[in-house]
Structures are given as structure tokens and as C-alpha cells.
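Beneath this line is the structure, given in C-alpha cells, with notes to follow.
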Amino acid sequence: MHLDHSHPHAGATVGADAHRPDGTRRALRIGLGGPVGSGKTATVAALCRTLREELSLAVVTNDIYTREDAEFLLREAVLPPERITAVETGACPHTAIRDDISANLEAVEDLEDEVGPLDIVLVESGGDNLTATFSKGLVDAQIFVIDVAGGDDIPRKGGPGVTTADLLVVNKTDLAPYVGSDLGRMAADAKTARGEMPVVFQSLRSEAGVTEVALWVRAQLAAWTA
Amino acid sequence: MTTGVRATARIVARPDGRGGTALPVLDGDGPLALRRIRAHGDEARVMLVGAMSGPLGGDHFTVEAEVAEGARLHLASAAATIALPGQAKGEARYEVRIGVADGGELRWLPEQLICAQGSELYVATRVDLAPGARLVFREEQVLGRSGEEPGRLGSRLTVRIGGRVVLDQELACGPGAPGGWDGPAVLAGHRALGQLVVVQSEFVDAPVEARLLGEGAALVPLAGPAALVTAVAPDALRLRRVLDEALAALAPACHG
Amino acid sequence: MSRAALFVLADGRFPAGGHAHSGGAEAAVKAGRVTGAASLEEFCRGRLHTTGLVSAALAAAAALGVDPVELDGAADARTPSPALRVAARKLGRQLMRAARATWPSAELDALAREFPKGAHQPVVLGLTARAAGLGPEDAAYCSAYESVSGPATAVVRLLSLDPFDATRVLARLAPELDRVADRAVEAARGVVAGGGVDVLPAASAPMLEVGAEGHAGWAVRLFAS
């Protein structure tokens, strides 16, 4: 076998390297985490529909049971199937996005190789719990999605997702009156937990839908490519 | 102390120049007798006839077959081979060496090998194929005759195509084999196991698709122009049924 | 070299993707062949003496500096199930990433270039041990242990098995792990002594092969293999 000392980074890149093996800048990677049923997959689907005309997108899902979320996205046809990859997580999605990110990195890189060039890869976590956050070795920015129906005390309880995510999304605001959630209190608690970091209240059923989150994503991309 | 029996049988198949296959070498020896039976088209057919029981402990049997370019050979056996405990010390060895040249074809379809209680047998099979050779190879092993404990069996099957090893499989089971051989990862209580190897250059462009064949068997493409069926079954009959179905599906012309 | 590097490499938290694989345990659990600690132990014992031995010998040979491309071919021939070949290459690729980040080495770089989609995991493991300054015994132990620790961890999740029972299973297998590692290293030294890769063990496990093909076709599963 030929041993070559001149290309220490030939082949697969390691960790959070911002460049691909050929020297080009890789796609921006945005993680979406949050509890089960908070609307991560629906937010991913809405982002794809909003951004797909102007940007080259791909999605990686991390499911507890293989492929559920990927199959939802495929059924909804938010992107061509070759742009959606499901990572198998051995029942531990938080491990796959935080402690051992190798399978996700491979999925992201394979997407760039096979359907690239890409502007953004959205990496969706399996619905796990409030402590699941993405490794900085995997994503450049992360969105944490909670919903009003999960209880209006979630922002107050905090946890790494709520306090450290680059964007906190409080989803399903249209349900607030029905589940007795106090949006004002959630906003105040989020402010206490997060300081100046942004929070978006959204209802995907409203006219505005995912617009605000999409704006935030565009701003991240502008900063990444600057 | 008695020493075991050494016996070698050799077959060489060549085109006979008239569109058929000649057998210039057909040498049986002691317990390994060979009979030429009626040809089937351009294919020569040979029957391996066990002239006495065995192999017994300490015996060393070798069967060699060479198929030259353009020749076609079919080998069958008259009955199952039964490994039995012998008076001689040590395990019995059964070696099979097969070579097939480009454009040659071998169908190796003997009956089962049965490892009777108390027997110790090691079977080594080495198949060397030229890149354009065709092969259908079946081996079936049964642990113990009906209702008895298994004997000890070790086996290794190696298949090379153009010098490259595409399949190398060892199995060790029965009393004294490394632990877990009858457990859920290896045989899971099954007493009959078999492999069917089919090699043909068509698989270069169109490899078989992996699929299950019932509960205890799978058809898989190897890393080369070859397909393998691995099967386990409760008994010889059910094993043969699975392998026959696979054979009919994989190489229809070769069935029977 | 530092022997302590072995702990880094053998740590179940070493980020090389193993947590998503059950080593055939998920298929065995679903088929009702592994139902508790006793059957897990028999499963692990069988896997150790087959796949475990083969992997350990490949890893030891790679650690000794045997050509990894030849070893990869030997691994292919010893892995008839395409589902298991795919899993082994996936895990090899993931380990390669972790290894290059942890113990940068020209040999690892070269193997990564040769197999951009991954070489068989035991081969990468052996070369990683080499890059970490470890020897063939270390590589063999690491690989043999992985062959049983993976299924044991998976069965804890699959059956909610008492984790102490699973750990006891692993401890009870320790003497056999020693023997398997010894045999693996001996075989690997035989390769270097002139026997070539053909002298490496090729012990097979039919139920693992068949089970892996079935598992690969499931629509819903917890583990990748």
C-alpha cells in the first residue's frame, strides 16, 4: 500500500472541519432537536418547502425506530428522496447527535458527495428528551423545538436544549388557549433562561408559518458563507 | 494400534473432441470407488460409490477433480457418507480438491455427510476456479444419525476464482468444539447444515439479490461472481428441500 | 508507546459508531433465541469463537503491519452476508474517522484513501492500534471483547435485561476471551511468518449470517445490524 505523508486530511474529514476534502467550503449544518411530538419534523418539512427554491438542501434524520421521520418527509415530498438520509441510532438518538457523531458525519458527507453542492444540511434529532443537544463537531448551529402543549413550564425548567440552543422555537402557539399555556409567561421564562439569545413563537398553521425560523436560517447561512 | 486407511480418488474431465466430455482419469481407491454413469448431453457423469463404511477415526480420504477447458462434469454419490468412530486414534480427514478451467463446468452434488455419535472428522474442501469456470457445489452435513448425539465435525470450505479467495468458511461443532456452537449465534439446535455455491461469470454484471429462503437459510451474493446459500435445518430432509429449491431458482439447468 | 492507549481504544464510549449495532442480537431476540442472561451468554460465546476470533485475528495481523488491503479481501471472503459486509465497512469508516482524529497516522490516511467508503472494521481497528503504539495482543483483545460487549449492551436495551446480569456474562467469558485473543495473535504471527492471509481463521456462524440478512430487510428496527 502506498503511504503518503503529504495529505494529512485526504479522504474523510474529521470533526467539524469547515472544508471538504477537495478544499471547498462545506454546507452549513443546522441541528433541530427537542422532545417527542414538539414539531421538529413538521418544522423541517416547512423549512424545506420555504427554502428549496432558493437553496440546495438536504436532510438527515435520527430516528429511534429506523426511518420514521425520514419516511414522513418522503411521503410529504418536501425534497427529492436522494436528499433525505436516515441514520440508525441503536435506540439512542442523543448518542448519535452528541457522544458519537460518526454516523451522522458520514451521512452529511455522503449527501454532499452524492447530491451536492449543498447550501444547508438540516440534521434532525430523534425526539428524545430535554437534555439532548447536538455536538459542535456535527452542527454549526442548533434549533431547539418545544411546544406549548408540552407544558408552559418547560422554558422555566431549562435544560441544555432550552438554555444553550442558538434558536429556541416555541411551536403550536395556536393550541395555547386549549391547553391552558401562558405564552407571556413562557416568553419571560425563556428570556430569563436565554438572555439575549433568540426565541421564536410559531404556529405552522398560521399564515406566517415557518417564516421567522426561515429568516433566522438565512441569516446563519449568510454568516457562514461570509 | 491400528492406523487408518488412506485412499485417494481422482477424476480428470476433458472434451472428447466430439462435443462430449471424456474422463481420461477415473481412479477410485479402496473405499472410494468411482463409476462412470450414462452421460447427459455433453456432460460426463460420475458416481462416487462408498465401497465400505467410513471414514473412520484415523482414515484420510482425498477426492480430486480436474475439469479442463470446455469439459462438463457432474458428480453425485450413491449414498450418504457416514463418519464413524474407529479403532485408530485421532480424527478422520476428508479432503476434496477441485479445479475447473475457463469454459469448464462442474456440478458437485454428493449426498450428505453424516457425523455419527463418537466420530471425529475434519473436512477440507478447496475449490480453484479460473475466471471463466462454472460451478455448482453443494455440501450438506448432518450431526448424528437419527436420535443420537452428534459426532465432532470440523470443516473448511475455500473457493478461489482466478486465485482470489471469494469464500472461506470454517465450522466447528459437536463435542469438544469451541463453546457456543449449538447456541443462538451458530447452530441454535439445528442438526443439519449445508452450503450451496454457484459460480458463473454472469454474476459479474448481475449478482444475485440477497434474500431469505425460509427461516434458516439465506441466499447471498459473495464479493465476487458467486452466490452462496447458507442453510440450517432440523434434519437432512428439510435441508435438502431448501437447497433444492435454491438450486432450481439459481441454476435451473443444473437441477437434478 | 503507552499501554493506557488501550483503554482509550477499548472504551465503549470511543466514538466509532458501535452503539448503533447489536452484533446480531436484535435478530436473535426477535426470533426468541435470546431471552435472558443464559441465552445471551451462549449467544456471546458462539459469537466470540466465530466472528470474534476471525475479527481478532484480522486486527492482530493489521497491528503487525500485514497489508491491510489483503486483510480486507480476507475479511470479505470470511463474511458471506452482504448485510454484514456493509455493516463492517460502515463501522470501519466510522472508526477510521475517530482514529485519524485521535492518533493521526500516514498508514491510516493511506487506508482511508484506498477505501473511502470504509474498510472492514477489524482491519481498521488493528491499524488504529498500530497508530496508537499498541501491539497485536492489544488489537486482538480489543476486537474479541467488542464481539461480545456489543451484543451484551444491545440486549440490555432490547430486553431491559438487568445490566448487572449482562456484565456478569462478559466477566464469565473472560477466560475464553484470553484463549481467543491468544489464538488470534498466533494466527496473525503465522501470516507474517510466511503463511499469508489464508492461514487466518475463518470460523463461521450460520445463524448470524442468516439472521443478519433477515434483519437487514426489517422495516422497523432499533439497531443498524
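As written, the chains take the letters A, B and C, and residue 1 is the first residue of each chain.
Keep this in mind: a contact is a pair of C-beta atoms (placed from the backbone, for glycine too) under 8 Å apart; a residue touches a chain by one contact, two chains touch by 3 or more.
In this text, all values refer to a predicted model and were calculated from it rather than measured experimentally.
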Checklist entry - What is the shortest path, in steps, from subunit B to subunit C when you may only step between chains that touch? => result 1
Item to check | Maximum centroid distance from subunit A, chain identifier (CA atoms) | outcome: B
Next on the checklist: Quick check for you: compute each chain's CA centroid and the global CA centroid, then name the chain with the smallest gap between them.
Outcome noted: C
Checklist entry - Distance-wise, how many Å sit between the C-alpha centres of subunit B and subunit C, to the nearest whole number? => result 30
Checklist outcome for this item: Per the C-alpha means, the centres of subunit A and subunit B lie apart by a whole-Å value of 55
Item to check | Distance between the centres, which are taken as Cα means, of subunit C and subunit A, whole angstrom | outcome: 32
Item to check | Multi-partner residues of subunit B (at least 2 other chains) | outcome: none
Next on the checklist: Residue numbers of subunit C touching subunit B in their complex, please.
Outcome noted: 24, 28, 33-34, 39, 42-51, 73-74, 76-78, 80-83, 85, 176, 198, 201-210, 213-214, 216-217
Next on the checklist: Considering only the defined contacts, which subunit A positions touch subunit C in the complex?
Outcome noted: 1-5, 7-8, 10-12, 14-15, 64-67, 87-92, 95-96, 99-103, 105-106
Item to check | Parts of subunit C lying in touch with subunit A, wherever the complex brings them together | outcome: 13, 15-22, 67-69, 90, 93-98, 100-101, 104, 106-107, 109-114, 116, 154, 157, 218-224
Item to check | Interface residues, subunit B side, partner subunit C - complex | outcome: 156, 158, 164-172, 178-181, 183-188, 190, 193, 210-212, 216-218, 220-223, 228, 230-232
